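Before we start, here is the structure in question, set down as structure tokens.
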Amino acid sequence: MTREEGASIVEAILFTMGDSVEISALAKAMETESKEVKKYIEYLKEKYSKEDSGIGLIELESAVQLCTKKEMYEYLVKIAKAPKKAVLTDSLMETLSIIAYKQPITRLEVEKIRGVNSDHAVNRLVEFGLVQELGRLDAPGRPLLFGTTEEFLRSFGVRSLEDLPAIGTVQVEEFKAQAEQEINVKLDI
Amino acid sequence: MSLEIKLQVFEGPLDLLMHLIDKNQIDIYDIPIVTITEQYMEYINAMQKEDMEVTSEFLVMAATLIDIKCKMLLPKEVNEDGEEEDPRAELVEKLLEYKMYKYMAYELKDRQMDADMQWFREKNIPKEVKDYEVPIDFSEMLGDATLTKLNEIFQELLKRQEDKVDPIRSKFGNIEKEEIDMDAKTLYIKAYIREHSKFSFRQLLEKQHSKTEIIVTFLVILEEMKLGDIEIEQETTFGDIIITSRKAS
Amino acid sequence: MTREEGASIVEAILFTMGDSVEISALAKAMETESKEVKKYIEYLKEKYSKEDSGIGLIELESAVQLCTKKEMYEYLVKIAKAPKKAVLTDSLMETLSIIAYKQPITRLEVEKIRGVNSDHAVNRLVEFGLVQELGRLDAPGRPLLFGTTEEFLRSFGVRSLEDLPAIGTVQVEEFKAQAEQEINVKLDI
């Protein structure tokens, strides 16, 4: 068996097994001595050290294993972790606005205001890093309290929570006026 | 001519026919239909004796063979081009097509055995890659969501709450509460049948408004038909149904 | 990116993923054109053709996958458990060959050619992942259409559907010749 042949067999075995393989096991499968196998491993290591190889070989005690070179991780991430596009849907925006203005707030309170179960929306916002757990409410069941994060302030260009656009009775009056106006317009037609 | 077939299982009638043709070393383009039909029937009979499942496909083929046999005895039919038609032609074509795919199946099996020698590996994503969290692009995520928009959405929510309008149900159209008393409906239709000797189904439906009412009406008509109280006629598909009552007073 | 670098990245991705990877997905991860990726694949194929390589590369329609070279089989069976392959009975093989050559095809058409109901066979092939539903035929009853899968290509060592063993009049003529020969043989006896 030439060094090249020997190396190709070791490569094929390590490729299929995935896991680490004992040098003695390789020797047995190839019907040769461990000493010979080590030569083939040396050959492979040299082959893998070249620029055209994305694979490397790691030696663990008396075993060997193939692995991807570390430099390749950035490409692996792109293909193994296709990013799910983060988008703030209407329901997420609604939930976020409630949490922003009413914090600290429990999931149940959010649900009451929106009229629909909002667990999923709250979880997504936490995942996105816009909302965080603030602690637990001292009430039966000790529900979690949620509030906005620093990332929320940064993303929306707010320096602090006091900087959030004001809300209050004035606005409510405006809506009322608006609504009446709409009705008048309708009547005018 | 007796046939020594160890009853083997065939994939189907075509498979059996192919076997008989191969066994007799017959030219597929010139099948001696009498001999083959005899042997085929013998096999079918043997299958029945052995309590093997003779599926309908085998019987259909038997009928086809006998049909061909009869046609062979008659003067040959001539097609549009003035050529004599061989009653066996269609069967031959079928057999050839079947034989071709059977042959390709062997060819593929060879390929499979060859390909079996190539081995693959399991997915093995390094821990660092697995643990990596894709960073969120906040500006992309926010899109056109601004602070003002956030505020507007919240105001809108408060307004909705004030109006005490259920945000989900408010989006529904008007729902009318339906009150159908099934028993009353049934009694009504039965009475109608007694009062009218002949009427159309559409006529009966005129007084029914909702889908449920129509369904109930239809079911009652079916029931009455089963009981033999009425007779039903429909001349064309989707045409009106004429109902004749036997109980009309 | 040099050819060597490109090839090493493709190698690392294919090695890690194990499964086949679309060339377009490789191109996206590498932020380049499919055309470029194909060059890297060619480079890899050449590299793997050398004696010192136990790995090979197979192309499946528009995807690629790494595998061991066939010559390595004798060593692999000594050390690893052979991957479990679906055993295909004659009736399954018959049905599969009809689907492979006539795809897209309905259950009824398969049945017509085989002369027997083939629903069970088709279902088994779908279970084995060799056959898949391709959609529905625009005809009364809108029957399902079936075709082969990528797993079929892999299992049968076919690179693409065009690569299937040729079929046609040649075979039919051969049958004819065979049949005639058989008759002669008979007469000779």
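For reference, chains read A, B and C in written order, and residue numbers begin at 1 within each chain.
We take it that a residue touches a chain if its C-beta (ideal position, glycine included) is under 8 Å from a C-beta of that chain, and two chains touch if they have at least 3 such contacts.
What you see is a predicted model; the values in this text were computed from it and never measured.
Student: Which chain has the mean of its C-alpha atoms lying nearest to the mean of all protein C-alpha atoms shown?
Tutor: If we average C-alpha coordinates per chain, C lands closest to the whole-structure average.
Student: Taking each chain's centre as the mean of its C-alpha atoms, give the chain farthest from chain B.
Tutor: A
Student: Centroid of chain A to centroid of chain B, CA atoms only: how many Å?
Tutor: That gives a centre separation of 44 Å.
Student: Can you check how far apart chain B and chain C are, centre to centre, with Cα atoms defining each centre and the answer in Å?
Tutor: Centre separation, chain B to chain C: 29 Å.
Student: Between chain A and chain C, tell me the centre distance in angstrom, where each centre is the average of that chain's C-alpha atoms.
Tutor: Using C-alpha averages as centres, the distance is 35 Å.
Student: Name the residues of chain B that each touch 2 or more other chains.
Tutor: If we look for residues of chain B contacting two or more partner chains, we find 119-122, 124-126, 129.
Student: Mark out which residues of chain C touch at least two other chains, giving numbers and ranges.
Tutor: In chain C, the residues touching two or more other chains are 15-17, 66, 68-69, 72, 76, 80.
Student: Can you check the complex and tell me which residues of chain B touch chain A?
Tutor: 119-122, 124-126, 128-130, 132, 134, 136-143, 145-151, 153-155, 157-159, 161-162, 166-168
Student: In the complex formed with chain A, which residues of chain C make contact?
Tutor: Residues in contact with chain A: 2-5, 7-13, 15-17, 21, 25-26, 28-30, 43, 47, 50-55, 66, 68-69, 72, 75-76, 78-80.
Student: Show me the residue ranges of chain C that touch chain B in the complex, using the header's touch definition.
Tutor: Where chain C meets chain B, its residues are 15-19, 56, 58, 65-70, 72-73, 76, 80, 82-83, 85, 88, 90-91, 93-94, 96-98, 100-101, 113-117, 154-158, 164-165, 167, 171-172, 175-176, 179-180, 182-183, 185-186.
Student: If you look only at chain B, which of its residues touch chain C in the complex?
Tutor: That would be residues 11-15, 25-29, 55, 57, 61, 94, 96-109, 111-112, 114-126, 129 of chain B.
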